[in-house]
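There are two complexes below, and they share subunit A, which is joined by subunit B in the first and by subunit C in the second.
Now for the complex of A and B:
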């Protein structure tokens, strides 16, 4: 089958009729995002969809619809002209019409085919023609949307379908089944006949019982193996997914731990920075920063007051001392001759004294004391002394209270002075150092503020790195990556354990198979006494060998098919990766009949996480290989149609890739946004002619018609232009 | 033993002019909110009203500027808490008590009040008169401080709402220990 021409009419952005003529080799349809590449691909998907009559209004060109007046109608159609044992065409279409209420009605769906016989063109059923020339199974391996769909082995039945379709092994299955049936029937017959033999009856029954037990065990073990293989394969695929994300996962963990540590650091720093300065003025008494001079003023004032009081007290004390001194002197004068102790001042009394003076006689000793004599003078002095004493006593009594009352009745200055003493020393020192302490603290805060700024910036950078990582891996979420990190260890352990269990089970199965073979051998060795049974036995033996041969042949066929596929795939892989590391493709079979494509280094190491381009070329190589095998088996070639298969390629890889595809003898249609360059002047992307001219293929450029309204779908029209 | 002058003083309650109640005290504190837990009203720079009084007092003190209170007693007010309770706020979240500050205020009042303490000790003047004199000093310094703050707020209502506004003000005062003499004349430049 070779595609010749594709005509798209009024299908979504393809307004009016748009014709693409395809070359036998590569045809490139180049367009930027939104230019209509995927629409083109989906137009083909719509054409090839044989499952339903889809005449959805959403496939109608908005621009064309917009133009329709009430009652006007037009047609949506996609048709493909191709070679397949002659010229063929299939065309799918429906009519759309604007009704009086303004709505669009779609009707007259048709799917027709045309075959050319000589000069005669014959109309046939489109669906039948399509299935006859390009059946569903083949289409499965011909149309690919994006990079993701390239892996054709992504489901369990893919390998079986592939083998069934392309290897011719399917017909073989019937023979295998038949030989198995013959073997079973002949076995039953031999056993039944042997049981009738009295001599062998016990042996036969024992062997039969042994055999049935072994068969049961084999069946159980096989079931266990299947379960275990499924588990191993599940673990492997989950681990594979995890491994694909391992780098991203590790990066994320590193970034997250950096974010955590920065956050902690930031919070710690903020504690230093977030100060309530107003509270500090009071609580930490920062308000006393300028207090030293006032405290000093207080100290000198209080000290001066204290000094003044002490001075006054001293003067008072002196005055009292003087008074006291006078008394002492008086006593001195009163001293008697021979230092005799005088009588108390009140003896004799005043009246007696006055009488003796008046009588001029000392009535104590009885001697006369005439006026002017010494005894007379003594008596007069004694009387005066008496009177003075009385006077002094009364004066003393009068001033007694004044003498007891201290100069200072309060001690407030002393209180203030004590306070002053308490405040000197440590308190004064603390207050005088407050200014330095505050300055140091503020300087410290400023430094921490700088730290906060720096850390905030680093935190922002880490957050940005995290965001970038997640943007770069749009299919991954943070939760998935976190889970991956935690799951990986557990999964690897579980996987290893399951593999060990599987090995044990496989050993057990092979032991059981050996046991089964030895029972069989023993059964075959039984010597029947009846000659006809001996013949039965030999026939059974022969049928058993035939069965084994067919079984082994089937396995060998599948293996050889897969080997061929592998070889072909590696042939294309080598071409597509010319001059680059490529590894070796292996198609690995699993017990459930499915397969997966894996890349290995030639030394046998699996390449667990191939890059995007590596993976894409690996899958494409397998597709080319399948296509080649298809061609061999069916004597018919089929086109490969890819929508944006190279989105993970670098620019260099793109060039090499298109050059190689260009050289491969295979019809390919590739929709791509590669080979466009950004034009600074116009701000748009334009064709890279230097690269395009080096290709020999057909190139179409599709783009949106200029002057469209970004918000109005009915202004969008895809313009197609054949470049070469 | 006779009661200490400090204790008599601490039982007193300074007066201030009502005109600063809204413009300054309530603007900066929870005064009049009827709350006992200080700083509960968010956005206030201080808790109790007396904290604003302390700030005002120190502003007046460090500027060595007094302002006599208005004579009309109906335009005068005082706080509910006597001085002896000022600063006992360690139950308030994020704050700590500062009872010592009362003693420093007292010492500054003694330093700055012109009063015959000798005559007081001699019993020639009553201690009530002494404490009255201290309170007058305190009220006049604070009154000047309130006036200063109000003045700043008239020019710029947000003047004190920078976190470091008050701090910067107190940092601007001289912190050396040389006693400030009112009549200090500049040294001759000769």
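Now for the complex of A and C:
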């Protein structure tokens, strides 16, 4: 089967008709998130779904719906044209119509097929044509959404389905079951007939009793084995799940341990940083930290004051000396002409003098002294001298008081100086040591503050790393990862114990089977005297060997299929991992009858937790192998269709992967957001033509039509563009 | 042109290829056996195996197949 063309019309974001022509090899459909890759894939899933008539309105293009007026209608359809023993086409569609109440009605679901006979195109039932050309089981191994769906051994019946579908021989199990039943029935018949033989009765009864006991033991042991196998399987599954998350668990534990250590360190550092400054200032006298500089400033100021005091005292002394000199000079000037001794200044007194002036008579000599006369003027002058003297006396008294009062009554400056001297010397030395101690302590605290800052930053980084880890594992919570980590050890030990128990039981069963075989042999050696019983015995032996042959053929068939699958898978693994470590794929049968895919080193060491890209290429290799086996067994090739299979790949791995898959002779359609580069200028992701041009495959670019409203679905339209 | 074998033919070939069975049944496996040919084989073991497969393919019950099988083997052996 080769897909030729896919046409999607009005399916969700695919407005109108969108046509994709596919190459025989690789076709890449490149689009960013939300551009319509998964919608394309789901359009194919809708087309290939034969289980129901799905004409859900949710599949209708919102843009087209929005355009419809009342009574208008259009069609949603997805069709695929393909080659499968001639040209074929299947088309699924339904009509949608806007009703008068504004609602959308969907109707006229149809699923039709077309086959080309020469020039004639014949319409057939779509479902039948699809099942005839691309049946459900094959489709199961052709369409894969995301990396998670790539593991084909994801359930207990997967191996049986695969073997039945692709080994070339199917339904072996039913034959094995039938032949076991035939053998048991014939055995019962032989035993019953032999018991009728008197000669052999005792031997038969003994062997029957032995056989009954052995069979009981076998039944018990088998039951125990099944229980133990279930336990081992459960342990394996749980351990496998744990191992898948082991990296994340270990990383989380490392990060958490780092966070704890940083928190402890941070708290310890904070103890150094958080100081009780009140207690330190007063109890520990940190308040005196600046004492030396303050003392120095104090002493300098006291020195200045002292100097100023001395200067002022000197000026005062000089002034007093000058005053004293002046007085002496005045006394010299006031001496009389004939050197006679003048009267005291207070004679006659002021009142007498005033009276004589007023009366214009000198009452000392009795002569008149009219106004303007010399005696009158003398008396006036005498009165003025009197008044002047009183004034001078008064000023002198005041001056005398001032002379007595010293300029600096107190010894403050001296006292300050003394204090300065007291504070210097030993006191200053002691307090200076405290300052050094405080400085050392503050320096230490500052260093711890720097440490706190650094540790806080490291703590934040660790918290970020933890958050990042949890974001990268969206399906796992921190509690789950913690539990996984703690469960792993316990589970490993329990699993080992269960495996040992299982081995013991298997040995026991093997011994019992041997015993059973020997009893059977003994039974078979019994010579019946009756001829017909001899024939029954021969029939039983034949059926017993046929039963064994069926069982062994079934085992050989599964083993052969798994070997073939392993070989083919390793062939593709080598191709997909060219130039990189790849390991070896092994498909291991599990005790529950299924299988699991595992990666081993060539020296036999299991790679317990392969990386995302390693795991993806491993699963894809098995898919390619299944596809190849399908081609061999059915003489027909089938396409492989993947939606975003490489999300865990790095850029380099993507390049290698697409180059290799481009060369593989197999029709593949891959929907991907790889091969896009971020364009800084436009702020959008654009095709990486340098890589695309190195590929020979067909490439489509799908993207949202520009100018859409982020909140309005009816403005979203996927534009398809064939690049090459 | 390669001969097309049915699923039953392939099972028949796989079972008849069993060494112990061929020794017991005294036949030489060819790897090209078919159900239709084996059903008319003169070798009882080959024919018995073919009857088992044919019975299942024709949707016979276990008991029906067993009865036919034992009747045939009883007469043939």
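The working rule: the second predicted complex is superposed on the first by the 493 of 724 C-alpha atoms of A that agree within 3 Å, B and C clash if a C-alpha of one lies under 4 Å from a C-alpha of the other, contacts with A are read in each partner's own complex, and residues count from 1 in each chain.
In this section, a contact is a pair of C-beta atoms (placed from the backbone, for glycine too) under 8 Å apart; a residue touches a chain by one contact, two chains touch by 3 or more.
If you're wondering where the values come from, they're calculated on a predicted model, not measured in any experiment.
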{"item": "Touched partner set for A:273, first subunit B, second subunit C, both or neither", "value": "neither"}
{"item": "Touched partner set for A:383, first subunit B, second subunit C, both or neither", "value": "neither"}
{"item": "Subunit A residues touched - subunit C or subunit B, whichever exceeds", "value": "B"}
{"item": "Which superposed partner A:286 touches (first subunit B, second subunit C, both, neither)", "value": "first"}
{"item": "Contacts of A:542 with subunit B and subunit C, given as first, second, both or neither", "value": "second"}
{"item": "Partner chain in contact with A:416 - subunit B first, subunit C second, else both or neither", "value": "first"}
{"item": "Residues of subunit B that touch subunit A when the two form their complex", "value": "2, 4-6, 45-46, 51, 54-55, 58, 61-62, 87, 94-98, 100-101, 103-104, 106-108, 110-112, 117-118, 120-123, 127, 130, 163-164, 166-167, 170-171, 173-180"}
{"item": "Touching residues (chain side subunit A, partner subunit B) in the complex", "value": "275-298, 300-302, 305, 308-309, 312, 407-413, 415-416, 419-420, 423, 432, 434-435, 438"}
{"item": "Residue numbers on subunit C that touch subunit A, as the complex places them", "value": "7, 10-11, 14-18, 20-21, 24-25, 44-45, 48-49, 52-53, 56, 62, 65-66, 69-70, 73-74, 77"}
{"item": "Interfacial residue positions of subunit A with respect to subunit C in the complex", "value": "168-172, 174-175, 178-179, 181-182, 185-186, 189, 535-536, 538-539, 541-543, 545-546, 548-550, 552-553, 556-557"}
